[in-house]
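Order of writing sets the labels: A, B, C and D. Residues in every chain begin at 1.
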Amino acid sequence: MTLPNQTPRSTCTLGYYPGCALHGTSKEYDISVRAVAAELGQELREIEDWNCCGASAGHSTNRKLAACLSLRNLALARQQNLKTVLTPCPLCSKQLLSAAAEVAANPQVRSEAEQTIEMSFGGGVRAINYIQYCTDSLDAISSRIGEGLRGLKAACYYGCLLTRPPKVVQFDDAEHPTSMENVVRALKGEPVEFSCKTDCCGGGFTQSHPEAVLRLSRKILENAKAAGAEVIAVACPMCQVNLDMRQAAIEKRYGISLGLPIVYLSQLAGLALGIDRKKLGLGLHFVSMPERGA
Amino acid sequence: MAEFEPKIAAFVCTWCTYAGADLAGTSRLQYASNVRVIKLPCTGRIDFHFIIKAFERGADAVLVSGCHPGDCHYTAGNYHARRRWTVFRKLLEFAGIEPDRVTFAWVSAAEGAKWASLVNEVTEKARKLGPFTRYQRLNEIAEGEAER
Amino acid sequence: MSRIGVFICHCGENIAATVDCPRVAREAASMPGVVHSVDYEYLCSDPGQSLIKDAIREHRLSGVVVASCSPRMHETTFRRAAAEAGLNPFRCEMANIREQCSWVHADREQATRKAVDLIRMMVHKVARNESLCPIKVPVNKTALVVGGGIAGIQAALDIANAGHRVILVEREPSIGGHMAQLSETFPTLDCSQCILTPRMVEAASHPNITLHVYSEIESLTGFIGNFEVKIRNKAKSVDLGLCTGCGACTLACPLAGRIGNEFDRGLGKRGAVYIPFPQAVPHKPVIDRAKCLRFQAAQKKGIPVQDCSVCGKCADACPIAPRKAIDFSQEDVIITEKVGAVVIATGYELYTGGRPRPGDRYAGCGEYGYDDYPDVINGMQFERLASASGPTQGRILRPSDGLEPQTVVFVKCVGSRDNAKGFTYCSKVCCMYTAKHAMLYRHKVHAGRAIVFYMDVRSPGKGFDEFVRRAIEDDDACYIRGRVSKITREGGKLLVQGADTLSGEQVEVMADMVVLATAMTARHDADELARKFRAAYDKDCWLTEAHPKLRPVESATAGVFLAGACQGPKDIPDSVAQASAAAGKVLVLFSSDELQREPLVARVNRTAPPQYSTCTGCFACKAACPAGAIEVEDITDKAGNTVKSVARVNEGVCQGCGTCVAACRSGSIELCGFTDEQVFAQIDAL
Amino acid sequence: MLTLHDTTAAEFRAAVEASLGQKAALCYQCGKCTAGCPMAWDMDLSPNQVVHAVQLGMREKALRCKSIWVCASCETCSTRCPKDFDLARTMDVLRQMSLEAKMACPEAHDIIDFHRSFLNSIRRHGRTHEPEFIAEYKLRSLHFFQDAWNAVWMALRGKINPLPRSISGKAAIRRIFDRCRER
């Protein structure tokens, strides 16, 4: 079918696709991302009427559905003339990227998908994750930073989907990424080297297979703790929930004490920029991050 | 007193047994250190005075080894050796040497393991037979004469 | 009084770890005649060698004992060093305290004591060593190449192209060997015969190459540079001089198309008089006397075949006149040639895949049903099926009913790596040719299913692994990791019972045809052949090289070289490479007119008149000498009348085994380097 | 007992390869996927065995196994595969086939129930609504009290929206679902 092609409004504002998690259980991620953007004078425009990407449930049980759901978001972004879309949730952004890649690679898949979503998609929409966002605005951030994080020891945890699958996300090194560390350094924090950077935390199994989450997240938490981390910096709502919400259970199950705050990179950026803790939703974690006196 | 450590003189040919013994070495096969190898081009070279002499000079057992029949580097040397051995064997007892003190065997260049076990066997045999002293007397006499 | 220097090598830790080298050096210093004794890290190193040279000059040494590795390793090294320092090389001896001491004894005390003993024995010997100078012998610059397969052809061509005469001997009626039977070759899939036949023709027509087909080696005598070979030209019953190869006789033979053709592995048929294959070189027939009606009849009647009246259709059909090219009266001819070097390229035999035949060195396999089911064939038979010049013109048709098989099972490691069957080794080429077979089959039968049972896929070599992956990924060969247990017949099909070790499940396949990748084996008469050439062979009867790494194409006998699969399983490129390497070695030998031999030869003593020699002229030595080096010398007085006849050793011929010495009743023969005096001295020092 | 002469095996393999866009024969069974899989401890077939099952067309084995469901889609296998074989995607393909063939492993029903509930929620509103799909999941899985306290805790901090907020294009979303589910 043919669709009315709206005349795109020219604007330099950044598209924003929060995804379901950031509107719900991970709203502090959303809050902090917006707060930091505001501080940097960066306007985020949320894709109007965006839908859920289907998450693991989508691609696990119906790849076509998964592709179409993401394609709709891309098409919307395109219509709303959002060329670059900040997508803080790595799963969402991976879904956007792979959907874009799939239709780009195969015109037949594309026309089918367009039929299905009742929209046309010309391509030309780029999804970026939050680390990329920080990296791009590093100058702006550094210029605004005083004492910053004052050497806060942070273990940068990427999890699976920020760097995998590399062919799709095309971000940093799949086995040994360093971009989050660079950002933390710019925030005057002190990244600690730890070996579980890209291990899996149990991802979508938070509810459906808690056993797996306990087992996998434990390794990550212990490893970070051993590396001398005060906090674990994350950029993925699933990782945050697993490591934070399940931490108590892990301590109980394995008789260990961790007490590791799991904070979003956006929250650290906010702190470094001197934004008030409340505005960063730092109170919304199970393991809350203590105030650091000078 | 410590266990009797026999001394074994081994007359071997260059091409098969000596090479076999080398192979035992390169394969790091451990065996009794009692053996003293005397390398000859071929078992055909072995004059049986060598064996008598060895006993006279304090060997408790003698090992003669060369290529398998048919494999002689010189085509027939080992056959001559074998023929002579069959004759000599009967002389041994006459010469006051238990035939068991002399062992005749074939060890090819590829039989490092066989060499190792052979040396061990011969050493054990010699241990059981005890030291060979009959000829020591002869030596003493010889040395006595030398002094005079 | 001799001045002996003793040098003890640590060989890094190899010796020093178990032998107390400094202590050995101290003890050696006090041995009779020893004026200098040191130990050193690596004597074979440059500084190590100069250490020895300097000592020889400084202490005016008359003898040197190097206690280190086996003389088989470094004797030449140290003797050369001695010579460079002006000491006669044969005054340098080695005591083997590594291979035969430090490496085989763990106890430090015992090993050290043994090392001392071994050195003492050598010191005593060296004290009695005399200066010897090498013997020069002429080199006959003609090469004998045994075997007319690709390796033999390659070696012959290389030597001939360098301008030397080559005698090429092939036991079959045509040269070409196994390669001529192959269809296409991995990993390039180029046609085997297309690349081979030009070489065959070149070899046969080369001015420097004398070709003897249908011939075998009777005996080889002599030594490097001066061998004498006897070759049996088996009676072909065809006068190759007259025969034009028209083939009229082969058509006329009443048995034509009734005898299994060896070249097609029984899948094709021939007559009693036959040309083995269309591209045969020479393209001339031979009569198979075991099958020919006339010869059989004559044998039964016990009359000479030319008087026999049976058949003779081949002779009638022969268009040559007046004398027919068919010559029933022909007999084996033994010819003698003198050659300076020999290249053995006798190749391999392929295990059929069936039960053992009489005289096999291994137990065969009954479980694959090779002898029982016509549709179970071996790799070479598949080659013939796939070959454009084969019995099916290259179409894959199963032997039983000539139908196109829809499911073909390929079984790897049939025989190979099957210790219970008597093969411990890997045949090296099967992985590759099985991948090729699966590929060829899929190319020729598009709907067909190729299933390969394997234990490993061994594909080292340029483009080899890529080739195997192509068979699996592009041509859909289904590889199952596991052996086949048994093959039985179910209706018109073959039931293959195998295993898939990756899933741990039993596997069953209903196959139309089964191809067994059977082991390469040494020729059934390889040991006999090896003896003829005085070459060593291993437990599987593969001929052994002089050194597994550093002398891969030399046999244990100087002047006899190895090429191709007679030395172990090999593919074509490896065989050709080794053949050229062997040819290179021959050319090095031929590059000088005479070569030096170690003077470790026998010598009959000479004394002053009236005795002249203690030799009594009994010539027991002559009977004992395996090399035929003992000659009779008449000693004459001034007047020229013979005083006595004594033995003399032709040192050009003597191989230095010393058998004569032990045989001599009067003790008149000595073996240089191993004189009674030297050996007794060693024994004395026990 | 595995029989290689029947054609169904080949058909299954072909079907998987079709929706995968890769040949199963690519995999040479080196086991690197298994070596790095964080969930292998909970699998009945190791990841490489799953591929092997596809290679030999062992449909039952591949579609009934638990492994395809406990796969966390962490993409480690696909990332490190020396043959560039996309095992993570293969898992997706097998899961879908397994559901369509009604062969899903009973042991994995929690995971499957969760996926169902999650998708249903999307189908209804265009976005997920935790209270709703968690509730549905608990009803399906009967894990009523799991995380009850966590839920309360989050609700108190406004992390759980009491009411679903549907998107305006939810009708379109529903059509997308229906179109993608029809066969």
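Observations on the model:
One rule holds in what follows: a residue touches a chain if its C-beta (ideal position, glycine included) is under 8 Å from a C-beta of that chain, and two chains touch if they have at least 3 such contacts.
As the structure is a prediction and not an experimental result, all values here were calculated from the model.
When the interfaces C-D and A-D are ranked by C-beta pairs in contact, the top one is A-D. With each centre defined as the average position of its C-alpha atoms, the distance from subunit A to subunit B rounds to 83 Å. As a whole-number value, the distance joining the C-alpha centres of subunit B and subunit D reads 77 Å.
A straight line joining the Cα centres of subunit C and subunit D is 62 Å long. Averaged C-alpha coordinates put the centre of subunit A at 22 Å from the centre of subunit D.
None of the residues of subunit C touches two or more other chains. Shown here, the protein chains touch in a chain-like sequence that does not close on itself. Counting only pairs that meet the touch rule, the chains in contact are A-D, B-C, C-D.
Of all residues in subunit C, those touching subunit D in their complex are 407, 449, 451, 469, 472-473, 476, 478, 480-481, 500, 502-503, 505-511.
Put simply, subunit D touches subunit C in their complex at residues 1-5, 23, 25-26, 28-29, 48-49, 52-53, 55-56, 58, 61. Across the complex, subunit B meets subunit C through its residues 7, 9, 14-15, 18-19, 21-22, 24-26, 28-31, 33, 36-42, 44-47, 49-50, 53-54, 57-59, 70-77, 80-81, 84, 108-110, 116. Here subunit D touches subunit A in the complex through residues 19, 38-39, 41-42, 70, 72-76, 78-79, 86, 88-89, 91-93, 95-96, 99, 110-111, 113-116, 118-119, 122, 126-130, 134, 137, 141, 146-147, 150, 153-154, 157-161, 165, 167-169, 172-173, 175-177, 179-181, going by the rule given at the top. Of all the residues in subunit C, the ones that touch subunit B in their complex are 70-72, 96, 98-101, 103-107, 110-111, 113-114, 117-118, 121, 531, 534, 536, 538-539, 544, 556-557, 600, 624, 626-627, 655-659, 661-663, 671, 674, 676, 679-680, 682-684, 686.
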